Structure formats: C-alpha cells, structure tokens
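Chain naming follows the written order as A, B, C, D, E, F, G and H, and within any one chain the residues start at number 1.
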Amino acid sequence: MDEAGLRALIDDISTGRASPDDAVARLRRLPFADVGDALVDHHRALRQGMPEAVYGPGKTPDQLVRIVGELLGSDGAGPLLVTRATDDQAAVVLAAHPGGVRRAGCVAWRLPPPNTRRSERVLCASAGTSDVAVLDEAILTLEAYGFAPSRLVDVGVAGLHRLLAHVDVIQAADVVIVCAGMEGALASVVGGLTAAPVVSVPTSVGYGTSLAGVTALLAMLSSCAAGVTVVGIDNGYGAACAVARILGPCQK
Amino acid sequence: MDEAGLRALIDDISTGRASPDDAVARLRRLPFADVGDALVDHHRALRQGMPEAVYGPGKTPDQLVRIVGELLGSDGAGPLLVTRATDDQAAVVLAAHPGGVRRAGCVAWRLPPPNTRRSERVLCASAGTSDVAVLDEAILTLEAYGFAPSRLVDVGVAGLHRLLAHVDVIQAADVVIVCAGMEGALASVVGGLTAAPVVSVPTSVGYGTSLAGVTALLAMLSSCAAGVTVVGIDNGYGAACAVARILGPCQK
Amino acid sequence: MDEAGLRALIDDISTGRASPDDAVARLRRLPFADVGDALVDHHRALRQGMPEAVYGPGKTPDQLVRIVGELLGSDGAGPLLVTRATDDQAAVVLAAHPGGVRRAGCVAWRLPPPNTRRSERVLCASAGTSDVAVLDEAILTLEAYGFAPSRLVDVGVAGLHRLLAHVDVIQAADVVIVCAGMEGALASVVGGLTAAPVVSVPTSVGYGTSLAGVTALLAMLSSCAAGVTVVGIDNGYGAACAVARILGPCQK
Amino acid sequence: MDEAGLRALIDDISTGRASPDDAVARLRRLPFADVGDALVDHHRALRQGMPEAVYGPGKTPDQLVRIVGELLGSDGAGPLLVTRATDDQAAVVLAAHPGGVRRAGCVAWRLPPPNTRRSERVLCASAGTSDVAVLDEAILTLEAYGFAPSRLVDVGVAGLHRLLAHVDVIQAADVVIVCAGMEGALASVVGGLTAAPVVSVPTSVGYGTSLAGVTALLAMLSSCAAGVTVVGIDNGYGAACAVARILGPCQK
Amino acid sequence: MDEAGLRALIDDISTGRASPDDAVARLRRLPFADVGDALVDHHRALRQGMPEAVYGPGKTPDQLVRIVGELLGSDGAGPLLVTRATDDQAAVVLAAHPGGVRRAGCVAWRLPPPNTRRSERVLCASAGTSDVAVLDEAILTLEAYGFAPSRLVDVGVAGLHRLLAHVDVIQAADVVIVCAGMEGALASVVGGLTAAPVVSVPTSVGYGTSLAGVTALLAMLSSCAAGVTVVGIDNGYGAACAVARILGPCQK
Amino acid sequence: MDEAGLRALIDDISTGRASPDDAVARLRRLPFADVGDALVDHHRALRQGMPEAVYGPGKTPDQLVRIVGELLGSDGAGPLLVTRATDDQAAVVLAAHPGGVRRAGCVAWRLPPPNTRRSERVLCASAGTSDVAVLDEAILTLEAYGFAPSRLVDVGVAGLHRLLAHVDVIQAADVVIVCAGMEGALASVVGGLTAAPVVSVPTSVGYGTSLAGVTALLAMLSSCAAGVTVVGIDNGYGAACAVARILGPCQK
Amino acid sequence: MDEAGLRALIDDISTGRASPDDAVARLRRLPFADVGDALVDHHRALRQGMPEAVYGPGKTPDQLVRIVGELLGSDGAGPLLVTRATDDQAAVVLAAHPGGVRRAGCVAWRLPPPNTRRSERVLCASAGTSDVAVLDEAILTLEAYGFAPSRLVDVGVAGLHRLLAHVDVIQAADVVIVCAGMEGALASVVGGLTAAPVVSVPTSVGYGTSLAGVTALLAMLSSCAAGVTVVGIDNGYGAACAVARILGPCQK
Amino acid sequence: MDEAGLRALIDDISTGRASPDDAVARLRRLPFADVGDALVDHHRALRQGMPEAVYGPGKTPDQLVRIVGELLGSDGAGPLLVTRATDDQAAVVLAAHPGGVRRAGCVAWRLPPPNTRRSERVLCASAGTSDVAVLDEAILTLEAYGFAPSRLVDVGVAGLHRLLAHVDVIQAADVVIVCAGMEGALASVVGGLTAAPVVSVPTSVGYGTSLAGVTALLAMLSSCAAGVTVVGIDNGYGAACAVARILGPCQK
C-alpha cells in the first residue's frame, strides 16, 4: 500500500471521517477484485503505468474469460493483453469478448490507435528470422503502452555487414530491445554501438548446445558491453515493460 | 565506426582533402592506443558516454600501470576506475599514478566533486549487509558518472516492515538498483512497488543452495514483477552503467 | 518393524504362546499384501497416521484397479487417494470402484465428511492462478487427513498490497503451505510475517528461466526467512503430509 | 507491519491520542535500529519467537562488533548467536563483548540455563561423523531457543543395524532433525519409521558425485517417505528454526 | 583383434599357409557383416559371452528387420533381443521374423528354455511399482543369458519392514540388481545388508526433483555402502550384462 | 564490409565517379535482399565460399517459400539447402520450387553433379547406426560444396576390431568427420590414429546419462587426442562447413 | 539385523536360555562401539567381508586417533585403512598408533603379507599418469583385502597401440578396474576387449570441460560397451570394494 | 598400430626374416618407453606430426624430470613442451635439463629457430587482455610446430571499430585461432568475416555468469557462423594442434 493512500486514510480517521472499523474495512477494500482463482488488479495500470496483461499458459479458457471480463468491464478504456495464448484460448476468449485482435501469439483489446502513439524511438532488433515470435510479443506490448516501435530482423553478427548497414538506425534509437538465440552475440555488438539503454531477450531459438536459450542468456549476462541488461528467456513482454519503465509515463 | 565519421571521411576524400591512401590510413588511425596487451580505447567516453573503466582481475600490476597511464595521460579530466583491484594491484598502480583513491574494491581517479553531481534520484538498495561490496561498486561507478546515488542497506523481504518503512524513498526514485543474494526476492518486491526502471544485481552472497549467486540470478530473471531487468552476478559496475544508459548524458 | 511389536513377539515366544517357527512366520506376516507388482501397505495409516495414497503416474489402469481394490477392501473406512491420475486412469478406476470423486487431479474415496473436520487452521496460499493445481492437491490431501484448510490464491509478491490485505489470515494460521513458481519469493515474505511453520512447495509454473520449478526450489531453499522448509517441485501431496506430521494425530 | 499494531495506531489517531504527523512518524519508528550497514531488528524475537542470530560470513569483525553490541544492549536477556563465525571473527567479537561462548562454529551469548529447558523431545541425528559440524549448529540453536535436544551420530543406512538399535528413540521423538551428506538416504528411512515431523538437512559431506551436498539435497526432496521436509545445504541453523516454528512458543 | 587370432595368423603366414596378401585379406575378413547402416557383429557372443542385442530407439523398422534377419540367419541358435522396441517396431519385426516374443518392452527370439537355466541366484529388486519396466528389461536379458533371476518389487526404504521381511532372500543372492528412482536409497540399504555384488540401476521414475533419474544416479554413486556399482539411468539391459560379466560363462 | 570493397568505394568517390550521397547509398545497397522477415544474403557464397543454406526449424512454410525463391532466383546456379526440414515444410517448398530433392532430412536444389566432384578424401564416420541422420546431413552438405565424401557407419569403440579393420581408410583421409553419441569415444580413438584434421559432432543419440548429446560433447572437448575439434550437438551441417573451410575453395 | 541372528535369539528365548529382558538387551548389544562421534562397527568385516576403513576428510586428528584405536584394539588382526588422509592426519594417527604405513594417500595397518595373497588376477589400469593417485588407492585397498593386483599405467585411447600392446594382460584378467579422467573412453575400449567384469572409476583429472570428473563419469555411464559398471568420481576405494564383492570371500 | 607396420611385419615373417616368436616380440617392442608411471611415446611426432608435449598439472617434479629426460634423450632434435607448468615444476625440470626456456606458462626445449619457420599465415586473436595466457600457450605451441603465428589482442566485439581496423589481417589469414572468455562472441564475428578455418578457444576469463568458460564454450558451439570449430576451455595447446592438423606437415 502506498504512502499517500495510508496518509489519506489516517487523515480521514483523525478527522472523524472514518471510524476505526471503517479504516480497517477500507484497508481491506483494496483495488482488486476476486474473480475465482485470480485477484484481478484493477489499478495496476495506475500504480505502475502498465496496461493490463494476463499470462495465458496454465489457465483454462474459462478462467481467461472471467479475468478478461473483469478487466474489460471495470477498467475504463485501457489496453488489455492476453500473452502466449493458444489458439483454443484465443478462440474462446475472443468469442466471449469480441473486439479483440489476435496478433503475435497474443490477444489484444483496445490498443491505442496508431495516430496517438508516443514519439520516442524504440528499436526492436532480432538476430534471426526464428526470433520473430518473441520480437513481435515485445512490439505488440509496446504498442499497447502507446509506443510506435520500429523493427529490424535478421541482423545476426555472423553477417556483420547486414548489421552495419543499419548502424544509424541503431544509434538514433532512444532504447533498443535485442532478441537473439544461439550464441546471443547481437546484444554485445549493439551494446557497443550505442550509448542508449539496451534490453536483451535471450530466445530459445537454436538446438543442441543452445540449450533452449540458456546459452544466449549466459552470453548476454556476461556481455563485454557494459550496461546491457537482460530479461528472462523468450520474455518479449518483460522487455517491453522494461522499456516502458525506462521511458516513463507519457508526458503529452 | 559510426556513420557520421564515415560520412566526414567520405566528404574529405571526394573534395580532395584526403587521398585514397590517406583515407585508408585514417580508417586505421582509430581512437585507441596500443599499450602492450591492451588496446586502450580513448574515446569510449565520447562514443558511449562512459567513464573509463579497467577490469582488474587477471591483469598484472605492470599491465595496469601502463593502461592507467595511457588513460590518465590522454583523456583530459574524465574519471577513471580500476574495478575489482586486489590490494597488491591497488598499491602498485596508486604508487605509479598518485591522486587516486581506494574505495569499494576499486581504485578511482578524478571523481567528479560532490557539488557538481547530477540531480536524478538513483536509489541503490541491498537485501543484506553482505551485499554491500557489490552495492558500493555500483555506487562508486555512479559517482564517477556524476550521479549522487542514495544507499539503502539490509531491507530483505523476510523483514517486510523494514522495507515498507522506506516505501516513499523507493517510490520517489528515478531508477533503482537492487543487489540481493540468497533468494533474490527483493527485486520482485521493489519492482512491484515502483513504476521506475529496476536494475537488479544477483550477488554471490549466501551458501549451499544459493549456488554462488545463480539462485538469485534465476529468481530475478523469473520475477513476477514485469519489466525488472538483470545484469550478471556481482556486477555492480554493470548495473551502474545500465543506469547511466537509462538516464542518458547530463543535460544541465 | 517397531520395538513394541518385537517385544510382544518375544513375550509370546518366551511364554510358549508361540513356537520358534510360528515366530518366524509371524515376522513374515507383515501388515501388507502382495497385489501383483505392489506390496500394499495396509497399516501405514496406523504406523504413520496417513491416509492411503497411491501415486498414479507410471501405473497401468489395471494395476491401479487392483491396488485400490485391495486398499478399499481391507482397510476399514479410512480415506484413499490416487494422486496425479490421468483422465484414463480415473475413468477406469472409478468404474471398477464406484463411490470415489475426481478432484484436483486426484481420485478420492471416503473423504471425511465436512462436519467432522479438525479445528486447526491450515492456510494454503499460492502466488498465482497457475499454481492452483498443486495447491488443490495439497488441499484435497489435507481434507483426506480430516483437516479443513482455507485457500488464498494470487497473492504474489509483485502486488504486495494484495498479500498485505490478508496479513491477519496469515498470522492467524497454525501452519501455512505456500505454493509458488517463477521466483518463489512468496515463501520468504510469508515466512517473515508469521512465526508458525511454513511448508513451501515450488511449482513448475513459469517458463524459460523458471527451469520448470528449479528456480523457485532454489529460492525457497535459500530463503532469508529462517525456518521455512521445502518439499519437492509440484509436491502438494507431500506438503499436506508434512502438515499432518506437524499437527499430529487428531486429539478430539 | 502487523495488523494489531496498525489497529492500535488507528485507535490512537481516531481518539486524538496521535496527530496525523505523529502517526506517520510512528509508522517510521519501527522496531529496528541502524548500526551502520545493518538494520538490527530488535523485536524479531517478539514477532517470530526467534532468538537473535547474526550470520557471520562476509561481515567484517568490526561490523559484527557493532551489530552484536546493539543486540546485547537493547534486547533484554534473550539469547544471541553469531553463526559460521571464523576464528578471527570469534576472537574479535568475544573480546569486545565478553560473556559469550564459542561452540559448534558459532558464538553464543545468554544461552538459557539447562535447568530451564523445554520438555519436548527433539532428536538430532546424523548419518556420519563428518556431518557433526552441521548437526551441532542445529543443536546449539535449539538450545538458544530453550530446547534440550538429544544427539544421535553415525547411524547411516549402510549399517542398518546401528540405526535400528535406536528405533525407539526415533519413534519417541516429537520432531527429528536428520543431517546427512553423500546419498542422504537417512531422511527417507527415518521418515518411514516415525509419524512425527522430520526436518532434513543435506550436508556438503562427501566428494565427487556428492556434488557438495546437491546429491543429498535432491535425494531428500525426492524422498519416498511422504511429508519429509528439507532446508538448504548445511543449514543446521535453519533446521532448528523450523523445529521452533513447529513446536511453537513455550507454554510453560 | 585378440592376441590369439593374431598369433594364429602369424603362424599361418610364417609356415606358408598364408601369403602376405592373404594375411591382409584375412585381417579384413572380420567376424561381422555389413547390413546397410549396421555392421552386425556375429561373434560378439563368442568374444564377450553375450547374447545378441539390438538397441531399438532411432532405428527404422526396416533397419531392424534387416539386422535381426542377419543375426537370426547366421548365428546358430543363440538368443537375440531387440530392446526398447516401440509397438510399431515390434509388430513389423515380428511379422518379418516370426517365432519371437514381445516382453518387457523388448522382442526376444530363441530364449533358453526354463529347464536349462543356470543355478546362480540373481535377485532383481525394485523400490516401487513404477520401476518395473526397467526391472523386467534386466530380467528378460538375464533369461536370454540363461539365468533364472528372482524378482522382488516395491520394497522401498520408506517402508523398511517390507524390505526387512525379505532380508534372507537378499542375503542368499549371489548378485543383486537394484532398480530405484526418486532418491535411490534402496541401493545403499541393500548394499549394507549383503556382501555380494550389487549392481544398481537409477530409474527415471519420480517427478520434479527426481530430475528424470539424475537424483537416483547421483545418490547411488555417492552411496555410503562401499562397493556398490552403478550403470546408466533406466539401463536394465546394462545391469544384466554386468551380472553376466560377474558370474562368467556357464560352467555346467 | 570488407576492406577491398571499402577501398574501391573510396576510389570511386575520390575520382568523382561517386558523389558523397551516392557513396552512402552504395554502402546501403549491400548484397542482401529483404524478403519479409529475413535478409537474404546473396553473396555469402562469394564472401565465405559456402553454398546457400536455410535453417528450417521455426520458420513457417510460407517464410521458407519466399526465402528459397529469392535465393534460387538471384544467385546463379549455386546449390541451395534447407536443413532440418519437416515433412510439411519440405512438401510446401518443393511444390513451390520444383527441381529440389529431399534427402537426409534436408531439401536440396542444384547439387553439383557427381562427375564434377572435388578429389579430396573426406571421410564421414559414425559410431552407431542411430547417428546416421546427423552423418547424412554432413554428407549432403559436403556434396553441395562439391565434395565426394565416403561413409563409414557403426564403428564404435566397444567393437574395436570393426574400427581397426578400416584403419587404412582412416589414415588415408584428408579430413575426418566423426559423429558419435553416448560416450563419444570414437573421436578420441580416430584422433589418435590419424594426423589429419578431425571434426567431431556429438549426437543426441543414447538415453539417460547421454543427456541428449551433452555427454558426448563434453567427452569430445576433453579428448586426450590433441587437436580434435568439435561443433555443436547434432550439427552435421556445421561439421561439413568446417571441412569446407579447411579444404578451402576448389583449385581446379 | 540378519535372519540367522534373530532366529538364534528366538531359540534362546523360547528355550528359556534368555528372558525377555535379556532378549531386548541382546538386541541392543549390537556389534559396534561408541567412540565419541562415531559408532565403530567391529563386525562389518564379518558381515560384509571388508577390511575396516575410515574415511579421513572432515575428521579431526583426534577423532581419527580414537576411531583407529578402537578398531585396532578390538578387531583381531584384520587390516585397517584410513583413506584420503592429509599429511597432518597421517602424522598424528601414526604417532598414536605405530606400525602403520603411509601409502597412496592412505594410512594402513596390518596389511596381509605378500606371500599370503589371493590368486585371482585383478588388473588396475589407468589412462594417464595423473590418474595414478586414484589407481593406487584402489590397489592398496585390494591389498588390504588380500589380493595381489597388477598395475598398468598410461594406456589412454589416443595412443591405441600402447593399449593394444597389453591386450593379452587385459584379456587374462578376472576383473579389471579402469581409472580415467578427461573423456574416460578407456572404460569403453577395455569393456569391448574383455568379457570379464569392468569396474570403472572416473577421475577428476583434466581441466575445463572435464568438469572435475563429471565428463568421464557421464561417458562411462553411457558406455557403448554393455555391462561396464561405474563407481563415484575418484573413488578408488569403492572400486576395490566392488571387486571384493565380485570375487567373494577367499576360498583357499 | 598402423597398417604399414603390420604389413612390414607380416612380410618379415612370411619371408623367414622373423620367426613367430620374434613377431610377437616385435609387436611388443612398440615405440614407447616405460619411465615409471608414464609410457613415453617416442614416435608420436612421426605418427601424428606433433612435437612432444607433456601436460604438467598433477605430475610431481620428479615424474616430469624423468619423462623430459626420456624424451630429450631419444628423440633426435625435435621440440619438446611441458604445458601448464607451475613455477616449482619449471624450476626443477629446467635445473635437471638445461637449455629449455620458460614462456607462456610452459617450458620449451629445442624450439625451431625463427628463420626456419613455415610461411602459412596463422592469426591468433583474443577478445581481451586477460585471455593472453591462453593465447600465448597456443602461440608457443605453434612455434614448436615450426609456424610463425601473428598475434592480435583486445579486439572484443563491444568495441567493433577495434576489430574492424584489423579486418584485412583477419581476411588474409590461412587459419585463425580465436580466444575469448565472457560471452565468446568474437568467434562468431570472426567466423563471419573470413572463409578460412576458425578454431575457437573458450577461456575461463570473466566472473559470475561466465561460469569459468562454460558460457563462452556454449556460445562458440552455438555460433551462427557456420563451420566454426571449438576446443576445450583454456586449451590453447589443443587449438594449436588443430591448426597443425589443418595445415599438415611442412611441404617445403
């Protein structure tokens, strides 16, 4: 519970606007709702500046329908994402809550229209074609936040000239997300080319010694490019949230 | 090599200010100097906005003396760090290059004076007393960058009231660095309390199942607080560089 | 074989109530029955105060039918569980032995009726909605033991206010089971909020760096909250058994 | 912060005994003291029923002297432990704060006198002679809590008759702590012999494939004896705290 | 190539019975046949006293048909096994080569009839019902070697009385194979009860922290019972071959 | 971008053949084409002497059709491979681009005709029948490069006489590729028999402790035969490319 | 406790030779003695046919002196080993108990004289010179058992001719112990050359990817030579005990 | 044993130049000598084209003196290396066998004089200053083979311009050895810049998530630059031997 809320409550109590019992009750009346097996957190957007997002895997379509319903019903016009939705989950939840779109492995409602997007330059780059699923999860999440990210695919370090051809795009970005599997070297090279924040996402692309993303993860964490940060394997959503933290709430 | 430099070179050539041979020579005359086994990179500060830093381990005192000499001699008045210096390394290099200070496991020269520091609020928090070595490496590096970080120690999640007592400091920060070993849960809790960027540093503090920092690392990467980013184990220097990337060059 | 039984046998022999051959025979007539590939242990309930439980995976439906039959036929009215039963296993075994119920991934027979439940307060809390399968295995097992556990879902540490809203429930509990995947931090936070026993269950929820529960496992074992104990990944059944050991046989 | 404290504070405010500013101030005046790099938590004993304990490794002797001083000075007559103290740490801190004793790798002050000990039967058993260091850390901690644990050494499963000779001691115990390295099988066997809580501690004893305790840890977590719980490798202190949680505050 | 064969060849050459070219040719005419992608080794039975065995996984049914055909056609009346055969592989190969039997996950031809079996007492014991698949692969292989193994199932260490009820069978065995998953403690306990060779097989039974057999493997390798040996995870076939090496060729 | 290209460009600029804007444009007009999510690298063959190869997994059939189309259309008559193609991918891409062949898990177009093959002796050997899939990926790739590799299967070290029968083939080879799973010992033995380059490929053949190729990988990297090199698990394609690097461009 | 002993006891009781109290007392009077922190097991030699052995690491010299004293004093003339003794341990224990010898990292008392040795041929082979420490621990233990092992050093597989030169020694052995680090391939090759039992010991020799013996361990467990068994890393003592189990008690 | 030798032997026998007994004796008289615990392999140079090399770690100075003596005495004038020699080993062995030099952690005798070196261009590059120890082991070994390698240090990918400044040196090399720790990305970048063979050596440089070289190892094995090969961690010697295999015996 944040300081301001506590102070307001105390004020109410000390001025008689709230009895002790009321006070305890209000402390209980926290800004989330119980929808079965989930406590839906209505004001997270407010508290952390994030759009609502529901992690799909392991939830039944029925649970998703209830959670999405609660969030769409009570949270104004903010965007809402279901990430990593299977086709089955997507079909059921879209039937129950029309108006959403299926994109990049997610289902999204109420994305900000393109003409309202923020002006910061967020570059999302991937080493290979196979990293695109993760890259696009990041891009969709950024769009839900109101950004207009650009996209650069297949610039892995073994073909350095392809990367160098885009060096000005890299150096012009306010933040860069780098998605790479295999040996994950793209994060280090990009980190050396720009002074802007670089959020790297190891992907589970590759086989054998790629160890489902662990190799890229370790490589990114061991990067010789100082100040490169890392999120979990395949976590495009998390990288987008990190960018949103970095660029802060919109100042329009 | 950046775009602008290449374009300038091309201009010089096409206008006759540089012959083809000169052009190739200039491409060779890159902004670093060879001091034995290291290519000292003079203009990294310029290119990436970073103070010079030399990683101590594995270098002989003699190598350090030469590298530090090159950097102090040719790089104006910018700050310079030797990180993870052993006592022996520190003694030899300070004897050869007086004027430095020994702090937080590092040796530093030409730190910006306190009254010139930048105004952004950078909070550096650690879960336990034993994480302080890593925390202080981050703080010293931030000072070399010109920041005036604040420091919050021993606020691990098992004593939640200690952490909650500082909730307003956490929520007021522009960026937070979290250093934690053992189960590394502090990153998740702080990430849930603030919408600002959180850079987490797993530390090798703890024993047995802490696996020398791997447990905290995995926990931070798996954080349920979206958008928390991670750097390598014990890498306080890297976390500070990530903060510098996030806050960008000084705009005073 | 326990001391008391041995002493009784010796008494019988020395008083002539049993011949040496009888004695060896009785030692052989141990309280279990051979039903094909399993030695069904009828008196474990007696010896360890546990309801009968059969681990489903890897057993053929036919094996399950025989084992359940032996246990239902010869063990009075005690409860019986088949854990982690697939739908196929459940269908076959319920057809052969009607009267059971399918719940929480298990099949249960002869659960104690709600009005006979024990009065100790056992709280079962999970960090996320996706941990519910493991949580409910623990709850069902506790009910088979005769407890009336309460259930608290989706109180992960990244939304600390949700957890704090239930702090009195946590502090009132006689024992707490904590199920959490991802970074598993909930165990540490709950361990810091209560002096009661905390049995934590890492779950395989999460992806990438969650490493199918290993991250949560390591984090819980490294908890900075002293005295928190851990059972195996996804082992809700084991956590319930640990609670039963802690609270001991019913004393009504 | 616990519910009761909050309710009391609210009462004070609503009755005018505290102004809003006072209220915030009191929220800040939490029961711990800042002694340099540590927030000493005076009332943890109260809140969690634990004696004070300071983890030695990674702290300078000077830090230890200050923390111990704070704890001895302000916390009545409760017991105090420094665990895993090196000989150097022990010498310095005992010189600064006389009256402590060096035992089982720890330094202890104000242990409860033997004639005041609690009556529950806590059995501490180890598989081999080499596990004794961990076992004794558990025993000393239990004594600090006011227990009078018994001690059973060298009863590893390869010599089953040694273990079976003590079967009545095992079955009479209210709680059992099992310390074992190598293959850690003792926990399973003891768990099968008693219905009481079994807290198992993997130790880093053994070499090669013992993997510094990881083998025993995994074996204990995979135990076929349901309801056996586990703490971290070599964490005798944690096992004792788990026992204290299980047996609860003294009811004399 | 063995010494004796070389010496014989040399004799033939020096006595003129073989020309140099013949000699080289004979060195080439080694006792195996090329059947497409496999070099079928006809005389391994002779050289190592083993029945023929073909590892099923990864081979196409067609490859199996060819290999089995070669082995059945040219190797007298010795037994032949295809291990780990899928149902598809078994169906195809049995259709092509009638007379085999499907048992224990294998297909076997020409098993020695029961009345010709060797008299050594080989005991095959498993900790749980789920280990039976591995146990039975070992038993079938032993039968192919001409042994008459006995079988003891579900004697895991958590129910020590079940194991102790069979202590005389264990102590009467000439060799014991122990199959166990989970914590694999049965190998240590059996190893402590007998002075005979104990070959232990970790099985992939169990879940979570059993790590698909790695936990049992490590535990068996770290056994406190000296002289217990280990083969690979789930390798019942290998354990049987180890027993055959130990008991040597039949001496009837 | 290579030196020569840069020097040529500079020449053009300084002689007026290219304006500064043209120069930058030409730097952008790099030898690859954007076909949706992939930057197809037309001149890699030129730059690195490699045939075009597209890694199949993770790409949609549609992406493959576009990439293959681009490569077939603009790259003269060079060979083209799609590696690790599923049956679905193969069917779709062959329908869209007839003339290719399906072999060894790949799809290949424009393989050099047998009578044009290079004369170096490349030997590809595998330890077992199950390694053949990896071996054949290497062989097909070598054929695309224009080599005429020979093939030696099922010469694992446990039947040393099978291997020794081919010792002259091994010693006559210019380069040897060794594919082996399980314990991967074949690489060491072959490495000891020849002074030629040995490129070893660990395969994921085997089960249990083979750890899906990690055991063979570690064994090959730890080989006591000095100078043996290793590529990633199951990476037959990579091994063939290593051979092509070693033998260099054709000198006919 | 073995069956025979129990039956004898029962006879005594039923015939009046022992009262019930005597019976329980006799059950307690088990064949081991308590010497402080160790239960010295006098009759293990009898029960398992093993010489006494004390594992040195982790024991204080004082503990060793007491344990060795107990064993030498009460166990007739049987051999006694302290394995892995440091120089300090060895010096103290030899001073307290003269007559022992320091060899192969151990201290040994009452080794059987050479002329009394058993006639079975036990071959101990190591891949490299650096494995000799482990090899010699095995050899000394075998000598304590009364064997006369032969010793073959530096026959690693990369120099196959060195190994093949000893093929007759290998094929003549009744049992072979193979010690190898690095890739551990020697076990597979020897296993293919003989039908006798092969006990392999991975050693921690090698660096980097040898992973302190884990690579050799995994390789030996994955051996393509069926029936090769494995003991723990560096466990020469365990391998010798396995051989003693295989060859059984002396039958002279 | 190679084919040619066998054929020669057979010739001698068949022509009466050798009796059968002589033949066996000659087979025994293999080209190595027993110097205590090592079989010194005199003709490996001949057989595999390698200079003699002795791996230092784990050998006593006395063993080294004997092995070096045997090699220097009987092997003509070929070069000899002791790798990874400690200062103590180096001092003792140089005192016993003067004429050697201490360089790059090794001791070397009879290095080919610079003016006799081979003309192939071997480039040895390292990412950082700290990789120099491994790099120099490779360089010294190459010199022992008769090469004249060039050396390029501190060209890690985070400062791409430093690497690109040497692109012509890289592209002119006949073979490249790349030594890199941390994320090991240099191997991929170099592999993309040249079509020549690239042998990469992961180094144990870096801390935390570098995992003592495992991160670089995995990254190099997962390289997106096809055909890059890898040797074990820190194995500069092995990389040089791989180069010698690639370039073959000198053809001057």
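Observations on the structure shown:
Here is the rule we go by: a residue touches a chain if its C-beta (ideal position, glycine included) is under 8 Å from a C-beta of that chain, and two chains touch if they have at least 3 such contacts.
Source: prediction; values computed, not measured.
Least step count on the touch graph, subunit D to subunit G: 1. Touching subunit A and subunit H at once are the following chains: B, F. With every chain reduced to the mean of its CA atoms, the largest distance from subunit H is reached by C. Note on D-G: its contact pairs, compared by residue number with those of B-D, F-H or A-H, agree for more than half at B-D. If each chain is reduced to the centroid of its CA atoms, subunit C and subunit D end up 26 Å from each other. Centres computed as Cα averages put subunit A at a distance of 41 Å from subunit D. Distance between chain centres (mean CA atoms), subunit A to subunit G: 58 Å. Taking each chain's centre as the average of its CA atoms, subunit F and subunit G sit 49 Å apart.
Across the assembly, subunit F contributes 27, 159-160, 192-193, 208-210, 217, 221-223, 226, 232-233 as residues in contact with two or more other chains.
By the touch rule above, subunit E contacts subunit C in their complex via residues 129-130, 132, 153-155, 159-162, 164-165, 205, 207-210.
Contacts from subunit F toward subunit G in the complex involve residues 127-128, 156-160, 182-185, 188-189, 191-193, 206, 208-211, 214-216, 218-226.
Touching subunit A in their complex are the following residues of subunit B: 2-3, 47-50, 53, 167-168, 171, 192-199, 217, 221-223, 226-233, 237-238, 240-246, 248-249.
Across the interface of their complex, subunit D is touched by residues 1, 27-28, 30-32, 37-39, 41, 44, 55, 57-59, 63, 67, 84, 202, 204, 213, 217, 232-235 of subunit G.
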